[in-house]
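Each of the two complexes below includes subunit A, the first together with subunit B, the second together with subunit C.
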Partner chain A sequence: MKRIKSMTAKRAYPRSYANPVLTLAVAFLMLAATGSARAELLIRITEGANAAIPVAVVPFAESGTMPAGDKIGSIVRSDLTMSGQFNLLAPEKMLSLPSQRSDVYFRDWRMLGQRYLLVGQVSREGDQLRARYELFDVNREQRILGETASAPASRARSLGHHISDKVYEAITGEPGVFSTRLAYVTVAGQGEDIRYRLQVSDVDGKRSKVRLESGEPILSPAWSPDGKKLAYVSFETGKPVIFVHELATGERRKVADFRGLNSAPAWSPDGKSLLMTLSRDGNAEVYKMELASGDLTRLTHHWAIDTEGSWDHSGRGIFFTSDRSGGPQIYHMERLGGEARRITFGGRYNARPRPDANGEYVYYVHQREGEFVIARTHLDNGQESIVTRTGADESPSLSPNGRLLIYATEQDGDSVLSVVSTEGGAAYSLPAAEGEVRDPAWGPITR
Partner chain B sequence: MTGHERESISTGTAPWLSGVAFSVILHGLIAVLALVGWSWSGSTPPEPQPNAISARLVSPEPKPSPVVEEQDREEQRQKERERQKREEERQEAERQRQQEEQARREAERQAEAQKQREAERQRQEAQAKERAEQKAREEEAARKKAEAEAKERERRRQEEERKRQEEARRKAEEEKRRQEEQRRKEEAERKRQAEEEAERKRREAERRLREQQLEALAEKQEQEAREAERRRREAEAARAREAQMLSESQKYQGLIRERLSQAWYPPSSATEDMTARLQITLLPTGELASVKLVNSSGNTAFDNSALGAVRSLSRYPVPDNRDTFERYFRQFTIEFNPERLR
Partner chain C sequence: MKASLSPKVIALLMAAGLFAGCSSTGEKMDEESYGSDVEAIDQDGGATVYDGTDEEGGISSSAMTEEERREAREQQQQAEQEALRDITTFYFDFDTSEIKPEARDVLVAHARYLADNPRVQVRAEGHADERGSKEYNLALGERRAKAVERFLIVNGASRGQIETISYGEEKPAVRGSGEEAWAQNRRVELKFD
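Moving on to the complex of A and B:
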C-alpha cells in the first residue's frame, strides 16, 4: 500500500509542474484571485461520515422478454448493499424512475440525500441481454460512468455483477469483487450418508455448483491466482491428500500424497508453486512444492508443529502457524528459510493466518474468552483488533480487494458463511441449504 | 550714546551762538554809524554864512586842571587858593577896566551899531536876496542831497536788506543745513532705528519663526504622538476586531468542518496520505458559488468524494458579519485528508 501511494504521488507532481510557465501563470492567477498576500483560510477535513454512501439504483427499464429470476437492477442493488459500503435507497422512496439522463432531476435526488444515482435500461436482443447504464454524481450533476454491456440471457447475474463492479470501482476507486466466486465445503447427512461437497458459487451465494462430492472429508480449498483451479485436501483415499482441481474440465491431480499428513495448500502469487504442510519427516513442517516438477523445499525447521503457510503480500515471505511457544501463534518469515518472527501475542490460540493484499494486516482465528473470533494484527504496530464477534468463527478468507472477509460460523445454531466488511461495516450471511458449511475461500478477480 | 548725542549738539550750538553775538554787535555798530551819519547829514541846520566880521567877547574857557598825583594835592590846593586870590584881584581890576572899556565901547558900538544897522539893513536886504537865492540853491542842494541820501539810504537799506537777506539766506541755509544735518542725523537715526527695528523685527521674526518652528515641531510631535496613539488604538481595535473575527471565523470553521465531515464519504480506496484540495467560493448567503479542485489526490474517487461533499451542502454556515465573511469565507480552501479511516 505504501508503495502504491508514493507512486500516485510521484505521478501527480510531474503533471502539475510539467509546464513552468503554466505553473507560474496559475500561481499568479491564484494570487490575483486571493486579492492580497494574506493567507487564505484552510479547513482540513480529516474525518468522513462513519456511514455507508447513499446510492440510488433505479430499477432498470426493460424491453423485450427478460429471463426469469432477479432483475439486473435488483442484482446490482443487492451487490452494492452486500459490500457494506453503500446505503441503497428503497425504490418505493424514489420520486421518479428515470432510465436515462434526460429524465433525471438532480434536485430530487439531492433532496433525498443521495450521492450517486444509477439509471439504466436492459433490452433483449436474441439470446443476449444488453444493458445501457449511467452513474451520476448527484451533487455535481455529472455523469461519472456510462457503458453498454451485454451477456447471454442465461448469464443475467453476471451482467448484474459486472455493472456492480463498475459502479463500485467508479465510486470507491478500487475494483469490485461481485464477479468473483467463493469455494466452500458443505457437509450434509449423518453416518453412512454423510456427504462432503466442494462447491463454487457467486459471492452472493447464488449459482452454487458442486465441484466435488465425497463421503470423506474435503478440507481447505484454495484458489489458484488465475481462478481456474482449486487445491484442496481430500480424505477420499483414507488419508489427507492434496489435489489440484481444474474447474473448467473437472480434471483432478493428486499433488501431495506423502507419508503422514498432507494439508493446508496455498498458492504462490505466480501460481507455479504450492505451500503445504507435510509430516513426511515425522513432524508437521511447511514446504514449498514446485507444481511443474514436484520439487519440495522445506521452509520450517522446528520440533513444534508448523503449519498453514501462506504467502505474504510481497510474495517473498510467508506467514504460518506454529505451536513452538506452547500454543498456536502466528509467525512471519520475511524470506524463505529466514528467521521466523512471532506476530501474535494476544491469547493462547491464534491460527490460520490470512494476510491481506497490501501488507497492512494479517487476519487469523483468535481464541478469546473461550470463543473463537476472527482478529487481525496491524503489521506495522502489532496492534490486534477483533473483526468478528459471533463466536465459533473459523476459516477466514479475504476478498481480493481486502474489503470483505468471509468466514464460517454459527448463527442461531445454524452453520453459515458470514461476510463482513474488514472495517466493521455491514455483513451478510450465506446460510447452508442443509447441514454445515465450512472452509470458505474467496476467489480472485478474473477478467 | 545719548551723551555723545548731546555733546555733538552743544558743539554745534557754540559757533552758532558766537555767530549770533557777532552779528548783533555788527548790526549795532552799523546802526550807530547810520544814526551818526544821518544826524550829520540831515538833522544839523545850515550855519549862516557870515557876510561881515563880527566880534564878540567870549570868556575864556577854564583850562582843565592838570591831573596830579594824590601826594601833591594839598600843596597844590594851597597854591591854587593863592593863585585864585591873585586871579580874583586881577579879575577885579580887569573887570573895572573892562567896564570902562565896555562903556566906551558901548558908545562906539552904538554909533557903529547905527551905522552898521544901516549897512546891516542894506546888507541884509542884499543878504536876504542872496539868502533867498542861496536858500533856493541850498534847497536844491538839500533836495539833491536828500535825494542822494535817500538813494544812499535806499542803497544801504537795500544793502542792509541784501545783507539781511543774505544773512537770512545764510541763516536759512544754515538752518537748512542744520535742518539738513538734523534731518540727516534724524534720517540716520531713523535709518539706524529702522535698521535696528528691522534687525529687531528680523530677530523677532526669527525668534518667532523659531518659536513657530518649535511650536510646529512640538505640534507635529504631539500630532505624531496622537497619530501613533490613534494608530495604536486602531491597531488594537483592529486586533480586537481581528481576534473577534478570528474567533467568529473559527466558530464557523468548526461548523463547516463538522458539516463537511458528515457529508464526506471517503471512498474505501482512500489512504491517509491522500489529500485533495478544493478552493471554494461562497455567496454571503452561504450558498456555494463555485468549487475548484486545486490539488488532486491522484485518486479520482477520492477527488470525487471531496467534490461531492463540498457540493452536497446546500448552505454553508457562515457568519452574519460581512467583514468576517469577506475576510475568511468568501473564498477559502478545504483540504480533505483522512487521518483515521473507518
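Moving on to the complex of A and C:
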C-alpha cells in the first residue's frame, strides 16, 4: 500500500499545471478524432438533467506504461456524464486526488457538494490492465463498492465502461448500459458513389467497426438477445431481403427473400424466431419465422399496411403499426393471432412501436403540428406524452435498462443520433462525421 | 371490389375512340372504383364512341380523303401518346397511394403501350418522403407501386409485364427537407427495360 501512497503523492504535484496538460490532451484527441472521422461518430454532450446526482470521479492513479488514449477515470467520467443522470465534478475543482480510502477527507467532498466519490488506481501487468476502485457515499462516509477488474491493455475502454456500469448500478440500483453497443447505418457519397455502411460501436460512438458496406440501402438493424447477431434488411440483391449476420465470424444468412417486401425484422426474447413484414400474400403483413426451420406463421390479416412488429415485455404478444383506421396507428396483439387492440389515438400518425422491458410504456414516432417527434403511451392509463422535440425524429430504440432512448434526427442541419433520458432531459448526440447516420439499434446487456 | 371491366372491353372501346378520332380518352374515370386506390375508365364515359360518320354533317367525302384524314389523326394520336409516355414519374400526397387525376391520361397511355407490346416489361418503383417511420414508408412505397400496377392492369397491361419494388424513403429523388423536396420524393417511377 505504501507504493500506492507514494504514487498518490507523485500525482498530486503536477496539479498546478494539470489544466494546460489536460487542454493539450483534449486538443490532441480532437485531432485524432478528425483523422478517423470516416469511421467514428463524434460525441457531443448536449445537456444534463436538472436533478442530476453530483458525483466526483478522481483521476485514477497509474503505475506502469498506460496505453494511449483516454484514461480510465476520464472514460468513467464521460460515461456517467453521458447518461444525463449525474453531474460530474471537474477534476480541477477537486481539493485532493485520493486513490484509496485512507487518503479520502469526506469533509472536503461534502463541502464540494458531492454525493458520491469514486477513487481508484490502474496498474499494468504485462499485457493486462488491472484497476482497483472504490465508490463512497460521501454523506454516510461509507464504501458502497470496492472491486478489482482487469482487461487486456488493448481494451482499456472496455475496462472503463465496466467500472461505469458497476458505479451506475451501485448508485441507481439498475444495471448500467455503458458496455452495450450500438448498431447503425451511415450513408456517404452520392449517386454512383453512394456507400451504405452498417456499423457497430460503443454507446459513446467510439470503437466503431464497419460490418457491411454496400452501394444499395441497408436498414432496420436488430440485435439478437445474446448480442451476437444482427438481423437487417439489405437491398444488395436489388430488392429488400432480410439477412442474419453473425458478428464474430461475419457469416451471413439470407433468411427472408420472398416476392415483395421482406422488412422490419425483430427478434423474439428467446432468439429463436424473427418477426418480419412480408408482402408475399399481396400486401404488408406481420409474420413470425422460426429461424431453425424457416416455418412462417402469419400474424395479421388485413388489407391495410401491417408492419413494424415488436415483441411486448411478456414475450407472448406483439405491438405493430397498422393503417387500418386510415392512417398509421399502434396496435397491441396480446396473444399471437388474437384480437388487435388499438393503443394510440393522439394525432393522425403514430408508427414504429418500441415497448419498454417492464410493460409500462410503448414508444413510437408521432406526428404533431406537422413535425415528427418520439412520443410514448402509458399502457395502463393510455396517457400520451412527448419524449423528443427535435422535429424530424425517427427510429426510436431503447437502452436495455429503459433509461435512455436513441433516435435519428437532425441538429443544425447535421444528421445525428440523439440520446435522451426517457424521464426528460437530453443526454448526448452522435453526429455523423460525414453524410448521414440513421437507424440506430441499442444492443442488449451481455455479460 | 374487383374489376368487372375486362381489359378486352377497354381495349375495344379505345380502338373505337381512336377510329373516330376522339382525342380525349379517360375524361371520366371516377365512377367505378377498384380497391382503394385505382379507378378505371367508366364503360360509358371513359371513351366516347362516335358512329363513324363524317363530322361535317352528312357531306360525304371521297374514300381517299377519309383514309388520309384517318391516318393523319392516327399519327397525331400516336405522337400525343408518345409524348404522354415521356412522363414516367407519378407523384402522391403524404401518406396516400391514391393516383392523382393528372397522372391518369399518362398511365392510360403507358397501359395501352404495354397492351400493344406484350413483350415489353416495366418496373414500378415506389418511394416515400423522409418523414415518419422507415419501415412504414417501405410498405407505403410498395402500396404506391402496386396502385400504379393495378391501374396499368385495369387499363390493359398484363400482370406478367409489371414488376413492383419499394425503396421507401431510401432513395429520394431530391435531397433536402421541406415540402418542395418531399413532394418530389413521394413518387412511383416506371422503368422500362
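Operating definition for what follows: the second predicted complex is superposed on the first by the 396 of 447 C-alpha atoms of A that agree within 3 Å, B and C clash if a C-alpha of one lies under 4 Å from a C-alpha of the other, contacts with A are read in each partner's own complex, and residues count from 1 in each chain.
One rule holds in what follows: a contact is a pair of C-beta atoms (placed from the backbone, for glycine too) under 8 Å apart; a residue touches a chain by one contact, two chains touch by 3 or more.
Here the structure is a predicted model, which means the values were calculated and not measured.
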For A:Ser263 in the superposed arrangement: first (subunit B), second (subunit C), both or neither?
second
After lining up the shared chain so the two structures overlap, which partner does A:Arg115 touch, if you call subunit B first and subunit C second: first, second, both or neither?
first
Touching A:Thr321, do we find subunit B (first), subunit C (second), both, or neither?
second
First, second, both or neither for A:Thr409, with subunit B first and subunit C second
neither
Subunit B versus subunit C as contact partner of A:Ser179, first or second or both or neither
neither
If we overlay the two complexes on their shared chain A, which of subunit B and subunit C does A:Arg140 touch? Say first, second, both or neither.
first
What residues on subunit B touch subunit A, complex-wise?
249, 253, 256-257, 260-271, 273-274, 279, 294-302, 304-309, 311-312, 314, 328-329, 331-342
Using the touch definition up top, name the residues of subunit C that touch subunit A in the complex.
36, 95, 130-136, 138-140, 142-143, 146, 164-168, 170-171, 175, 177
Under the definition above, what is the set of subunit A residues touching subunit C in their complex?
190, 217, 219-220, 233, 235, 238-240, 260-261, 263-264, 277, 279, 283-284, 303, 305, 307-308, 321, 323, 327-328, 348-349, 351-352, 365, 367, 372, 392, 394-395, 410, 438-439
Please name which positions on subunit A make contact with subunit B in the complex.
1, 5, 8-9, 11-12, 16, 30, 33-34, 40-53, 85, 110, 115, 137-140, 144, 169-174, 401, 403, 423-425
